[in-house]
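Note that chain A is present in both complexes that follow, paired respectively with chain B and with chain C.
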Partner chain A sequence: MSSWLDYTINGLIVGNVYALVAVGLALIFGVSRLINFAQGSIYLVGAYIGWVAVVQLHTPLPLTIIVVAVAAALVGLIIERFGLRPLQNSVRIAPLLATIGISFVLDQLVMLTFSPNPRALPSQLPDVRFQIGGGTIGPLDLLIAGVGITSALLLFVFLRYSKLGWAIRATAQDRDAAMQMGVDVNRVNQAVFGIAAALGGVSGLLVGMYYNQIDTAMSLQATLKGVVAEVVGGAGNVPGAVIGSLLLGLVESYGVAVFGTSYRNLFAFLLLVVVLVLRPNGLFASARQAPPEPLTGTFIAPSRPVRIPRWALLVATGIFAILPLLPVSFYVLQTLINAWLLGMLALSLTLVAGTIGQVSLGHAALLAIGAYTSALLSLTFAVPVGLAIIGGGLMSAALGTALISPSFRLRGHYVSIATLAIGEIVSLVILNWESVTRGPIGISGIPPLSLAGYELVSPISIYCFSFIVMVVLALLQGRLLGSHLGRSFRAIRDDDIAARAYGLSLNRYKSLAFIFGGFAAGVSGGIAAHLYSYINHETFNTQQSILALTVVILGGLGNVVGAIVGAVALVGLPEVFRIAAEYRILIYGIVLLLLVRFRPQGLLGTM
Partner chain B sequence: MTNSPPDALLALTNVNTFYGQAQVHFDLSISVPRGHIVCLLGGNASGKSTTMKIILGLVKPRSGDVTFDGASLLGLTTPQIVRRGIASVPEARRLFADMTVRENILMGAFVRDDREAIAQDLDKMLTLFPKLGQRLSQRAGSLSGGEQQMVAMARALMSRPRMIVMDEPTMGLSPLYVDRVLELIRTINREGVSVFMVEQNASLALEIAHEAYVLQTGKIVLSGSARALKDDPRIRDAYLGGSEAA
Partner chain C sequence: MSNIDRRTLVKGSLAAMMAGAAFSRAAFAQSSEPILLGVSGPLTGPNAQYGTQWKQGFDLALDEIQAAGGVNGRKLAYSFEDSQSDPRQSVAIAQKFVSDPRIVMELGDFSSPASMAASPIYQRGGLVQFGFTNSHPDFTKGGDFMWSTSVSQADEQPLLAAYAVKRLGLKKLAVLHLNTDWGRTSRDYFVKAAKEHGAEIAVTEGYIAEERDFRSTLVRVRDANPDGLILISYYSDGALIARQARQVGLKQVICAASSVYSPKFLELGGEAVEDVHVGTRYFPEDPRPEVQTFIAGFKKKYNGVEPDAFNAYAYDAMNMAAAVVKIGGADRRAIRDAFTKVKDVSSVIFGKATFDVESRRVKGAMNAELVVRKGQFALWDGKPT
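The block that comes next holds the complex of A and B.
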């Protein structure tokens, strides 16, 4: 590939593939105001069903496409019926979290069934290329373009001329009014999920054939790209999603042409953040349109937090503090060290997501910033490790807050998307900024933990160190929540307009929350870097962000003690039950789903 | 126990409704006789709109019963209730703003499958609401408030309902349109459709209603024939600009 025409063709073809995912997301958002994070998993399932059909059953291409579309649609219907319909009357964040849980479960099931190794998915089409102008185009390109255009036309006709299509459009514009016309909203949801899943599944199949390879990492990437395209086009806007997808494909393709392959995703997420900040309703929304989000913070399940007497907390802290003196195995200490590190991250996230209501899906980026800062300070500038970790915390606080601050004007789901994108951007910058971060090689030989010249290498000393740091952070956060500042945070969460009317500066308080939260997460990342002695751009990934969110919801959003209890539970229980590593993510996904369905306020209640 | 009269098309009997801890309706009983216009009057936060939602199944009462043509509506979903023959003109009209006027009106016939009859009814609507004829392919959101009210009423009639429930049909309209809307409600009623409407503007509502109820913080404080209520000094003082300031 050399000519600009080639890059344009490639961009449009890839854009077509994104469109199949994004249109489904837009339909679902339109009808139920939900960003379906399981869309990429359906795409993944589609790719693997296609692989089974092509490689094992040797189906001809048209039949393969039909099989994939029907099977994926079934998966979509099952998700809607059993995963989301029971949540219809719960808090607004519940369905979003459920789709995240569902995507974990589906991805892991695919991985356990087919192994995480990539598989080749042959395209079944002759490998010839036609010359057009200065570029070339192959039969697969034409197939993808054909499928994209055909499904767009079919969808248009369906929405405009069929009764169900009218019902979908009416529901998207006013759900209650549609019900009063006799529209069965459950059927509309079903239809939309079925269509979205069929399109997503076929998209996965086509992508697999295009790159002649499928693997389980495709899922998250597809969701992210679909979300980018959908938001660029305007959430819920179906034609907008198509145009947003083509635009995204072109931006990526030209970005790759100029800077190289590893920049592809960076351009995608930068485009997303720019659109979110400048035109949160998408490129094509008219100015009069109100953002499709509730105006007040209905994100937290209301509950009365479980009161834990002070003496019980003191006793528990005391027991954990003297634990290393008791005859416990190193294995137990090791597990608890992991729990304390996750606990610090959870403290940070429970403040940001729970107390002030900004549900962050990119929190691992704060770990990464802290880890890289601390590692580089100690390696390059020979800063003592203790100070370097504090430096990591400060850097996470400063940089994290600076990165998120343009998105302070966003609300609800849009905050989640922005944080997710920023998390990805941080990871991609680490990957590409080789002169500082050493790029894909990562940083090795990070000095071990030490304090005032004494190296902390024994599990006991590491245990004590991490435990003390976490307790100090928790105490600080507890003080913070009881203060005037904590009340202001909660006021902003519960009703930002009312809070502003009372003279609270939203930006200032959001900054303060991210500064404090960024510091805690950065310290956690810093300690982790010195413990692991090797880190790279994938050490702190989206999976950890979601794990942290699960911990925080398990403990109860905003609940300081809950965050730590949640961390101990999610790190400890798989160890207690000796669950094999490959099943853990599956378990986390199931835990998240069950929590959202049966106990959205978590174990200890939201605060 | 106040038993609803046998000729009641719609009857609410001893309905108690709660939003969380807060009680909205206290033993609410209302009946709409076949072929009548019944009006529910009340100020802000009196529970008027919740009464509409109870009838349409959007909110479920904690106790009491709602019957339509003798059969209870309580176990039914909103679409099922609509199929029984109740159409609604919601508060603030709630049109499908990005769909055309034509599509909006036809959405009213969503529960019907008789294509030819639907087309005939659409023509009928255009004679009843002549202004909409030139607006058919326009976005509903681009119409004026009064025109939107016409669309909402046409949309409700398209399901060939036995009864229409209306939430403040005159709110926010210019005086010209207020008269027009009231006249249309009368016309609709004369063709055999029973009407239940919720209104703040008592003097207007009592012009066209047969019976009226007055709701105050969830309790019916006054009811009777519209004619009698119009002369009732309590109504005059509360709603019709009586001599003393309230």
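The block that comes next holds the complex of A and C.
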């Protein structure tokens, strides 16, 4: 029994830590309807500024906190002014992508400045422990709780009773109306970003002290957990974010208690999916609250796609088709093989995200399902590789659609968050379902690609195979988009109420899109499995999902040719920047930001 | 490229290498281009710290090799390509290295998915993939071009189990391990060996690499009532677990695998890692000349910083690469064959490293039983903690 008390206390302690990030995220979401993926990076920056202050300058704790808060707020203001404000009037998805790009840049800058080695960030508080239950808590626990709860309360009061707070809430409810009433919306945004960033920086400092450890990998994890907590509590709801964080901490702790440590994150993400399905606006959204997303499809704004003449496409296809005959190195071919595999994934995502408007952040899960199915079919049941890959595609289509179907009733950002969670769940199931997936050991000795008894092992044959598969999938998808199905998909994306009124069954069409998309992604995963010969739960990770979404947005949502162009660009750019060694991901992030800034509708435009 | 009298050249020790290099310099003075090795590893991304440590180890070894006149009279150099430990990038790098005639062999990658995805390309391309941190039991099964000096966990874990059970007298153990292919394999070998020594395994808990909070896990550990905690961890997570164990009031003996052996473990763990026992392959006061050369050289080159386990792996790997290139010359196949011939290469981890041709790994890692005393790693004096 006493153990349960300990699990509860531990859950609250961790929830406390999550709350610091979640509050900042909630504040920004409340005002700009934006999930700020750069919040974890500000947290990282705060931790390292704190390290400089504590270890190099020996500042006392109150001064350290002030220094970190001011510096992080400055970073926040810079992000708002130069990263996000120029995107105000562009598609709603552009700022989301911009925050992803900003987080790349910030993380890389910290890594280049401080080296990727973890550092100790000593706590400046006296080391006394208070006995509670079977464990102890220290002054830092209390300080973190204090900062979390106080900031949530202060924000709550500030939003409710101060003039700027009113302006912030008015902007959150209706930006245009607020502007008409004379609210300086930009100033409001600045204030919000400054406050949220200061909070993010201080939380990085405190959490770093708490674990006596800071490293550059902490940013993505902080963002992930913060987003889960925030959405559980009700996106944009500051006190809700605190309660959501505590709940998340408790669920994780009890999950560990009952099932063991390796199931911890599984419970975190299951909690998120359950909450989203039962209460799509979070646990603490009031009924009176305005819907968190606009009802019509402004999330993805229409734009005029670039028309590429048919002959140009034919010529391009022809050139890539005969490329292996030309004197190009195997390295170039291999890079293009990667591009074609990513292209298949992007085709899948551009269909579900672009054409029907379900922006998925968990698409790597479809790769993983296809890869594991194909690998196990060919290894365990000796199914010929060609058939196994098709089996992988079918499994991905079926399982992927079934997994994603609970999120069909969600809109906008919530779809992205739900799919992010589903992606994580798939990866954790792969890790834990050892009897089938062999857990962390992974599957090795997967037979190479073969077709009708001939092994495809030379880069030239793999290149041709993957290129043909991708072109066939692209042609099928082009055909699909031109049919009445494609028009129905776009109708649902642009205005789901009108589409429903017209008699379209949303769920059925969304399922159709996921079945087709799941197949393409599963085939891509299957080919990858046979190409790599070894896969484990880390092969298809969250970064892959984010990369796929970047490709799709870069190419133009819903745009088939754009997806392939985007894949070639995003596989090619980091390879081109190889010469820059450690700096290449930084350059990649900056290029991404510039693209979002100057061409938010994507290279080839939304279809 | 011909080899002059291989056997007289390969004596393994540094002294012999120097003599050999001086001898061959005369013979190969015409070739001024450095012999190039390809390295595929993480310089950015979540594992970037390990790539950085590799570089430190490589550079130190290269300084010594160059100072001794290079290999066969030519300089040895490496081209480090950042893979982010991502299989998509490691396969592209593999093709790049395979199609670059200057590259004579490859080292890396870091993680199993990235390394083993590239193996088929190296195998078909006929370029040795020398995975010096690849402990995955299937890594060298990728083909006869896959070689590894990674300490086999089948070797290492029984040593740790003997330390914990026989020397420290622990009878009931809680095992916390990274839930990766390495951690999982290690755990299985450890549990097997510990049981053979008569210990009981009270609980095993696998955690993912990003985990930072172990309080709830430690409640499970406490409820299993062990008399010792075994950490199959890297230094950053190992330090976190030790700190949180002490914070929640667990006072049991902690015994950790060699992968925590790093000055960072002491820095990150602080007082909490005092009295933590670590089974390692070498230790600072180790009288072996290769260890003393390595530690002194490392401290001199990197402003007094103590080297850690990953620095040592990389340093050994570069020396091994020099030794096989010395035998095999600049020919890829000859280098593959050289792995079967190379004998008693001086090594921090193995003392004298010789490959087992069957498994393509090196057996017989050195063993040192350390304990953290007054914030420093020290040889365990046999006193209970």
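Descriptive notes on the structure:
What we mean here is this: the second predicted complex is superposed on the first by the 542 of 607 C-alpha atoms of A that agree within 3 Å, B and C clash if a C-alpha of one lies under 4 Å from a C-alpha of the other, contacts with A are read in each partner's own complex, and residues count from 1 in each chain.
Please note the rule applied: a residue touches a chain if its C-beta (ideal position, glycine included) is under 8 Å from a C-beta of that chain, and two chains touch if they have at least 3 such contacts.
All values derive from a computational prediction rather than experimental measurement.
By the document's definition of touching, neither partner reaches A:Val227: not chain B, not chain C. In the overlay built on the shared chain, the residue A:Pro574 is in contact with chain C alone; chain B does not reach it.
Of the two partner chains, neither chain B nor chain C is touched by A:Leu549.
By the touch criterion defined above, A:Asp184 lies against chain B but remains apart from chain C after alignment on the C-alpha atoms of chain A. Using the contact criterion defined above for the overlaid structures, shared-chain residue A:Ala353 touches neither chain B nor chain C, since it reaches no partner. In the superposed model, A:Ala235 makes contact with neither chain B nor chain C.
A simple residue count on chain A separates chain B from chain C, and the partner touching more is C. By the touch criterion stated above, A:Arg169 is placed in contact with chain B alone, chain C being left untouched. Annotation: chain A has no residue touching chain B in one complex and chain C in the other. Against chain C, in their complex, chain A makes its touches with residues 3, 6-7, 10-11, 13-14, 17, 108, 111, 115-120, 122, 129, 131, 134-136, 138, 211-213, 215-218, 220-221, 252-253, 256-257, 260-262, 264-265, 329-331, 333-335, 338, 341-342, 431, 439-442, 444-445, 448, 457-459, 528, 531-536, 538-539, 543, 571, 574-575, 578, 581-582, 584-585. Of all the residues in chain C, the ones that touch chain A in their complex are 43-46, 48-49, 51-53, 80-82, 84, 86-89, 91-92, 94-96, 98-100, 111-113, 116-117, 119-121, 124, 136, 138, 141-142, 176, 179-181, 183-185, 205-208, 210-217, 219-220, 222-223, 236, 239-240, 243, 247-249, 264, 267-270. The residues of chain B lying in touch with chain A in their complex are 56, 58, 77-79, 82-83, 87-88, 90, 94-99, 103, 106-108, 110-111, 155, 159.
Within the complex formed with chain B, the chain A residues making contact are 163, 166-167, 169-170, 173-174, 176-185.
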